[in-house]
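Structures for review follow.
Here chain A shows up in two complexes: once beside chain B, once beside chain C.
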Partner chain A sequence: MLQYILRRLGMMFVIVFGASFLAYNLQAYSSDPLSGFGESTAENKEYLILQMTRDLQLDVPPPIRYFSWLRGIVAGLWGDFNMGLTRDGLPVIEILAIAIPVTIKLVITATFLAIVLGISVGMITAIRQYSRFDYSMTFVSFLLFSLPIFWVAVLLKEFMAIQFNDFLVNPTIPPIAIVLYSLVFGLVAAGFVGGARLQFFLVLAGAALFAAALLYFASATQWFIEPSLGIFGVGFLALCNAAIVIQLISGLDSKKGRIAGFGVALVIIALYYPLQALMSADASLINVFGIFAITISVGSAIGYFVSTIDKRVYLRIGFFTALMSTVPIIVNRFMSEFAGYMNSDAVNGRPVPTLGQRNDLLTPEQIDNFWISGLDTAVHLVLPTIALTLISFAGYVRFSRGSLLEVLNMDYIRTARAKGLSERTVIVRHGMRNAMLPLTTILVNDFAGLLGGAIITEGVFAWQGMGQLFNTALRSYDLNLFMGVFILSATLTVLANFVSDLLYGVVDPRIRIRK
Partner chain B sequence: MDEIKKSTISTSDKNETGIESKETEGLSQRQIIVKRFIKHKAAMASLVTLIAIIVIVYTSLGVNIGTGRFKISIPGWWPYKIDQIDPEGALASSCNGGVTGCPTLDLAPPFLDGDGIRFGGHPFGTDIIGIDYFALVMRGAQQSIMVMLIVGTLGILIGTIVGAIAGFFGGIVDAVLMRVTDMFLVTPTIVIGAVIGFRFGNLGVAPLAIMLGLFAWMGLARFVRTEFLTLREREFVDAARVAGASDRRIIFKHILPNAIGIIVVVGTLLLSGAILAETALSYLGFGVRAPDVSLGLLISQYQGSFGISPWLFWWPGTLIISIALCVNFIGDGLRDAFDPRQRRHISMKERRKARELSEVPS
Partner chain C sequence: MKRNLALRAVATAAATALLAGAFSVGALNSAQAATKTTVTLLSAGDITSLNPSTKGSNTTYNNLAASLTGFGFTYYNNNAELVMNTKFGSMKILKKAPKDFQLQYTVASGQTWSDGTKIDGVDLLLTHVISSSKFSKAAGLGDVADATKKPAFDSLGYGGAYDDNVVGEPKLSNGNMTLTVKYGKPLPDWELLAPGPSPVHALSLMADGKTSLQSASANAAAKAKFLKDFTSKNSANLTKMGKIWTSGYLVSKVDKDTNPLLLISNGGFIISKYVNKDSMTLVRNAKYSSGPAMSTKNPIKTVVIKVINENTAQVQALRNGDIDILYNTNPTGNDKIVLAGMTNVATQIKVGGSYSIFHLRTDTAFGFDDPYTGPFAGNSQRAKDLRRAFLLALPRVQMIDTLIKPVKADATPLDSQFTFQGTPAYNTITKSSGVDIYTKGTQAERTAQALALVKKYYPTASDTVAPVKISFLHADTPLRNALGKLVKAEALKAGFDVIETIPADMFADDTNSKSKFDVIMHGFSLNSVSQSAASDTYKTDGGNNAWGWSDSTLDSILASLESEILTPAQVTAKRLAADKIIMANAWGLALYAGPVITAYNKDLKNIKPAPVGNNITWNYFEWSY
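Right after this comes the complex of A and B.
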């Protein structure tokens, strides 16, 4: 095993070395920093050219210049790491350190959403293969697959930002829109649940009525200006979460499962008012973590003590119910600041921005307030998150659908059915778990690819992350900056490949790593 | 009672497989695949649409290939050119609020508040200075389709060759080739594309496409290699070798035809990826440059005018999506057609019919 890891690590160095050599020369030969002087009429043109040649070592051929850059990287082995300076004379490493968190902030929500939505929709289409829901989702995922992200971005800016902000001036939804939206919601919900024709129409009617009631309520109470969930909303969501978690982990027919899940949900509802004390105006991220720690430990404890056997099953129910039900409480707190945020001078009644990563006009008090600055980040994330989610959602749908279909054709699924297990157990325990195995590789690789993959998104929405750095580096012939971004993304990709191979060996006992 | 039940099960079983085997009776492998593909409605519809798009795109403006003495020029049927300003036409088609250059295309019949179905002088409208937008979009689509085809062809060729050599010979050849593939693979596609586009974008679209194609083969190479690794161990390869076939003959005559499925499927993905990559690069300013036109460049140029003249934004986008969507659906149909494990979905109606037929004693 150790030998295998060492060999892989050695190989990784070779690959990163080769790729960076390739990229360095590609970039060096395809750009000409001196081209700007072509039309220059400055008197000291000759001198300037000479100076730049000396500064950028342009008299040294790129393949050799590469090694002087590499020396700085290799020096990292004895703690003298040096990625060189940008054209503006700033250390590359410091610029990277500022850009990385921005990109992570940009992509993490979208990736999470795309994974959760994509995998659940993909698995449901696999279970209902050749149903209408399957066909429509296949079409939707192909459509999303074919969308250029910059095109989606422009549409989002128009419809989600500009028109939504216009709508907020007088947030009443016309009846015809309520009918349309609820019908669409009902159709999607009925597609998810499936079943015979009668059940389909019952779910459709129920979900549509529910959505219509919600929309009417939101429209009548001006909810969009002063959004809040309140204890009823939080409670409702907590109970729904509990039901989903129980159904997935133990099945709703398990009595202990119901006690654990709904018990935790009720406890969270009871904790609603006490927890507000932890979310005062001078709270910080630590408070949020504290709240999660409290609810999760209470939830896990309830799950643990519900049963004397199979403790881990009910522990999981308690844990996940608590985790998922705490989110609405936090969201509710952010929502309570929305009206104030929207009407502040900096925002001026148009909360959804089309550009940028933060509002520079916020007052210092607003920035110091964790909830308001958090809300500010959140509204700036809305558009890029939707765009990125839409684009990567399709891939997960196709992949998880194919994966589950393949697993469901296996002999051990037939065995599981034959020995009389319930359909839920067969699909969740035997099917989904095995279908998730190949997904782990995809997930790890995607996370690594994201740093380099947000180039267009960052450009369209004007976020100053890694993608923008790459963009500027390319336009300003900044070789050191370019290589800084490149080496980071290449190393991450190679590492992710390695980790996913190792992980695959761990989660799937059928795969033995070759000695 | 038990007897009867058993017999109905077995007959219905036999008939279900019967439907399938009857379909393929007496057909060669290629005929089966073609037949399966034709049955795939979405793929066939996409194929027809794609061909229609390509025909319209290339005939409308005509084709100009090559330079100087080797120039081949075929005129198109569309009256306007991309460098021809038509201010009167643009003003004539002005619409609500004094905005000029609105599309004259109207597909709404009179009873749906339209003026009747008509194309008008500028069906896609004109751009801000009065150039016919249909001509611009068609020119952009010509470029994008050309990039797609060149990148796809090169990518498939190189990918297949590299993958086949690595998979067939194995050992040190495999190790070296695959490490080289990894080196190309760790570089994000868009990064390679941007560097190349930056240099070759202003040389015109063909050099850009060729360079992009040289860096588009890695995914396919990996798939082909895996396919070759498994096929190499099969009996028919041993048989061919015992019969004295050369390596070249084994690769081209025995293994490659069996690996064609994966090549075609991954190849279509490569095509749809190529058109999206080209538009993204042009959008970022690294691909096709003005005064030449590409669909991504058009979107990039007119994204600001969405509020006033939205058609400048809709048409190129619709065309990109239509082409990519068609290619993706064709790829899906091909995958279904090539996958021997893929059993065609047997509908309830066919099941019932088969059962009814089985009850008639033969």
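Right after this comes the complex of A and C.
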């Protein structure tokens, strides 16, 4: 095993070295940093050309120049790491240090959402193969798959930022719009639930009515300018979360499961008011972690003591119900700052921005307030996160659908059914788990790809992350910067491949690394 | 089914709760934000340095911030006139002899830097340090001519008109408020050479390792120290300052840990926050006294510069109020329609500081060996006739009508290489420069004349047979490509087979300079209005003369524009003579002055875009809501 790891590491080293040599030379030969001077009318053009030739060592042939760059990287071994300077004269490493967190912030939520949504939708479509829901999701995922992100971004900005902000001036929804939106929501919900024709129409009507009531309520109370969940909203969501968690882990048939799940939800509701004390204006991220720590430990404890046997099952129910039900409480707290945020000088009544990662006009007091600055980050993340999620969601849907379908046709699934296991157990325990195996590879690689950035998304939403850096480096012939981004993403990709190979051996008992 | 019912019961209960109005809804806060006091500017490229005189890949964008944080002797207004900023000081010609040209700059008293230090003539000396290669060599700061080594002050300023002509060191007088600079010959554009102020005390303090604002006495001492180091050419101390000047201002961010000495300003604003490639926030400089007074009614208190590279994103940001001003130097008709449709935005369409022009090749470009042998080569009658024929066949009116008028409805073809429409000189020059042979009659008539000229040398030519192959170079932009198609179509009728060469990079070595084009269509943009402008483009072996033009009379006209201080009437007469030579040789023809769209938050008052200089920010002191 150790030998295998060492051999792989050695190969990785060779690959990264070779790739970086190639990339360096391709980029160096394909661009001419001096070309910009062709149309320069500066009087001292010749001096400027000499200056640049000197600074960028343009008189040294690229293959040799590569090694002076490599020396800085290798020097990292004795703590003298140096990625060189950008053409602007700033250390590449400093620029990367600014860009990496930006990219992570931008991409991580979207990737997480895309994975969770994509895999769940994909698995549901597999379970309901050839149903209305399956067909419609297949249609939707192919549609999203083929949409260019810059176009999605333009539409999102138009409808979810510009028009929404205009709407906020007078947030009343006209009755005709209420009817329309409710019907659409009803259709989606009915498609999701499926079933016979009667059930389809029942769900459609129920969901549409529910949505219409919500929209009417939001419109009548100007909810959009002063959004809040309140204890009832939080309670409702907590109970829903509990239902989902119970169904997935023990099934709603299990009495103890119901006691654990709904019990935890009720306790969280009871904790709603006491927890507000922890969320004062001078709170910080630590308080948020504190709240999660409290609810999760209470939830886990309840789950643990519900039963004397199978403790792990109910502990998991308690844990996940608490985790998911605490989120609305936190969200509700952020919402309470919305009206003040929206009417502040910096925001000027238009809370959803079309681009940027923060509002540069916020006052120092607003920035110091965890809730307001968190809200600011959130509104800036809304559009790019939706865009990225929509685009990458489709791939996961298709992949997990295919994977689960394959597993469900296996002999051991038939065996599981034959020995009388409930359909829920067959699918959750035996189906989904095995279907996740091939997904590990793409998941690990996707997370490694995160740092490469999303060039187009960052561009259209003006987030100055790794993707934009790469783009800038290419356009301005900034070789050191280019190599900085390149070496980072190359190393991560190679590492991720390695890790996913190792993980495969761990999660799938059939695969063992040859001695 | 039972489970579903249970779930549904929960849902129904919750929905009823919602309907009962149980969501906590507070009293509506109808207080709309008070009058806005902030402006968000757009930067289409990255801001890379707090010091725009060091090398950075894009000084235009660094200058945007600099225009808000610094004020000197002059600025350009929206009529492209150089305005003397009397609040800062005044300048005059002290002596004007053929070999002794002295300029005197007097700093107005009562001004301070943002840290309270008095501004005086010492603050002007740094310009000499960063521009004079002689001083650099004499003070042991590095020989600028030796390109293998960096000078201590690694500035963009060496090798320009100041460096070439300055004699000795500038001298202070009048209690250090007046500076006298001597040049070896009279300089026509002397007003543009005014030294800019720099907080030299801050440089001196930082060279001593200080990282916080100092007391008034320490500041005064630091300034005195700089003056002493300057006068005595103290190499060690100046080198230390050079290091700060060259790399100290290169920061990837500005926050509360940034050395405040780096941010000292004498403009209306001072930098408070900055993230490389992302955004910069500037707040009012309470001690601003170096320029026209700020508007008293609802002035701007905070300016943000936001970097947005992507075009559509910029437009949508303006619509949503994420930025307040958009300055588009390359607008299309569609841009205009989109911007005009925005209810929250006002637009102004003006001529900017750029113009598009055709240059015909006559000879090998300066500095290159490959001989040029195309149809336009040389000065024979044949070459002249073919050149004239090509220019006659340029459908300039059609080009303007189809592609420029959708942006600026009153656009007309530009008829002079040296002046723009709307100036008195333009009318004088175009009346008698000989351009009228390209404006007389209809395009069909002109194309017919062109065909007749071509037929003299290529008898087979007709409006369907095109024996003259022409390589036509232009940039790869939608506008240029569309213009190119029109040129190609019309030239075909005059016997020219135009082959478009559209390189990704217009000025890469292998396309432009090595004799691979017969005609080029391109744009020039001006960053100042000067008497000697365009000299390099037209004189024999000029640095920008990539078309090989050479004419001794033209050279002498350009030389006198470069070296004599002339009255406006004299300049016009010289430019007319120059245009006449270009027309007589059929060397080239101008096309149009590029329109610019400025679109901005309609509540913002006094936005007056200027064609040259600081296009948007030149009059920030007048801005208000």
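By definition in this document, the second predicted complex is superposed on the first by the 509 of 515 C-alpha atoms of A that agree within 3 Å, B and C clash if a C-alpha of one lies under 4 Å from a C-alpha of the other, contacts with A are read in each partner's own complex, and residues count from 1 in each chain.
Operating definition for what follows: a residue touches a chain if its C-beta (ideal position, glycine included) is under 8 Å from a C-beta of that chain, and two chains touch if they have at least 3 such contacts.
From a predicted model like this one, the values you see are computed outputs, not experimental measurements.
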Exercise for review: Based on the superposed arrangement, let me know which partner A:382 touches: chain B (first), chain C (second), both, or neither?
Suggested key: neither
Review point. What's your read, chain B or chain C touching more residues of chain A?
Key: C
Exercise for review: Examine A:179 and indicate which partner it touches, taking first as chain B and second as chain C; both and neither are also allowed.
Suggested key: neither
**Study point:** Partner chain in contact with A:142 - chain B first, chain C second, else both or neither
**Key:** first
**Study point:** Partner chain(s) touched by A:58 [first = chain B, second = chain C, both, neither]
**Key:** neither
Practice item. In the overlay, answer first, second, both or neither for which of chain B and chain C A:459 touches. Key: both
Review point. Regarding the shared-chain residue A:11, is it in contact with chain B (first), chain C (second), both, or neither?
Key: first
Check your understanding: Looking at the overlay, does A:158 come into contact with chain B only (first), chain C only (second), both, or neither?
Key -> both
Practice item. Have a look at where A:294 lands relative to chain B and chain C in the superposition and call it first, second, both or neither. Key: neither
Exercise for review: Indicate the residue numbers of chain A shared between its chain B interface and its chain C interface, in ascending order.
Suggested key: 150, 154, 157-158, 162, 459, 471
Check your understanding: In their shared complex, at which residues does chain A touch chain B?
Key -> 11, 14-16, 18-19, 22-23, 26-27, 29-31, 129-130, 139, 142-143, 145-151, 154, 157-158, 162, 449, 452-453, 455-456, 459, 470-471, 474, 486, 489-490, 493-494
Review point. For the complex, which residues does chain A have touching chain C?
Key: 32, 35-39, 41-48, 50-55, 87-90, 94-95, 98, 150, 153-154, 157-158, 161-162, 165, 206, 210, 213-214, 217, 221-223, 225-226, 228-233, 235-236, 239-240, 243, 247, 252-253, 339-340, 343-350, 352-357, 360-361, 459-462, 464, 468-469, 471-472, 476, 478
Study note, to complete from the structure: chain C contacts chain A in the complex at 3, 6-8, 10-11, 14-15, 17-19, 21-26, 28-29, 31-34, 36-38, 40, 46, 48-49, 54-57, 144, 147-150, 154, 156-161, 163, 247, 250-253, 273, 275-279, 281, 302, 304, 306-310, 312-313, 316-317, 319-322, 505-509, 512-513, 522, 524, 527, 536-537, 543-544
Practice item. Can you check the complex and tell me which residues of chain B touch chain A? Key: 42, 179-180, 182-188, 190-192, 194-196, 198-200, 272, 276, 279-280, 283-284, 286, 296, 299-300, 303, 306-307, 313, 317, 320-321, 324-325, 328-329, 332, 345
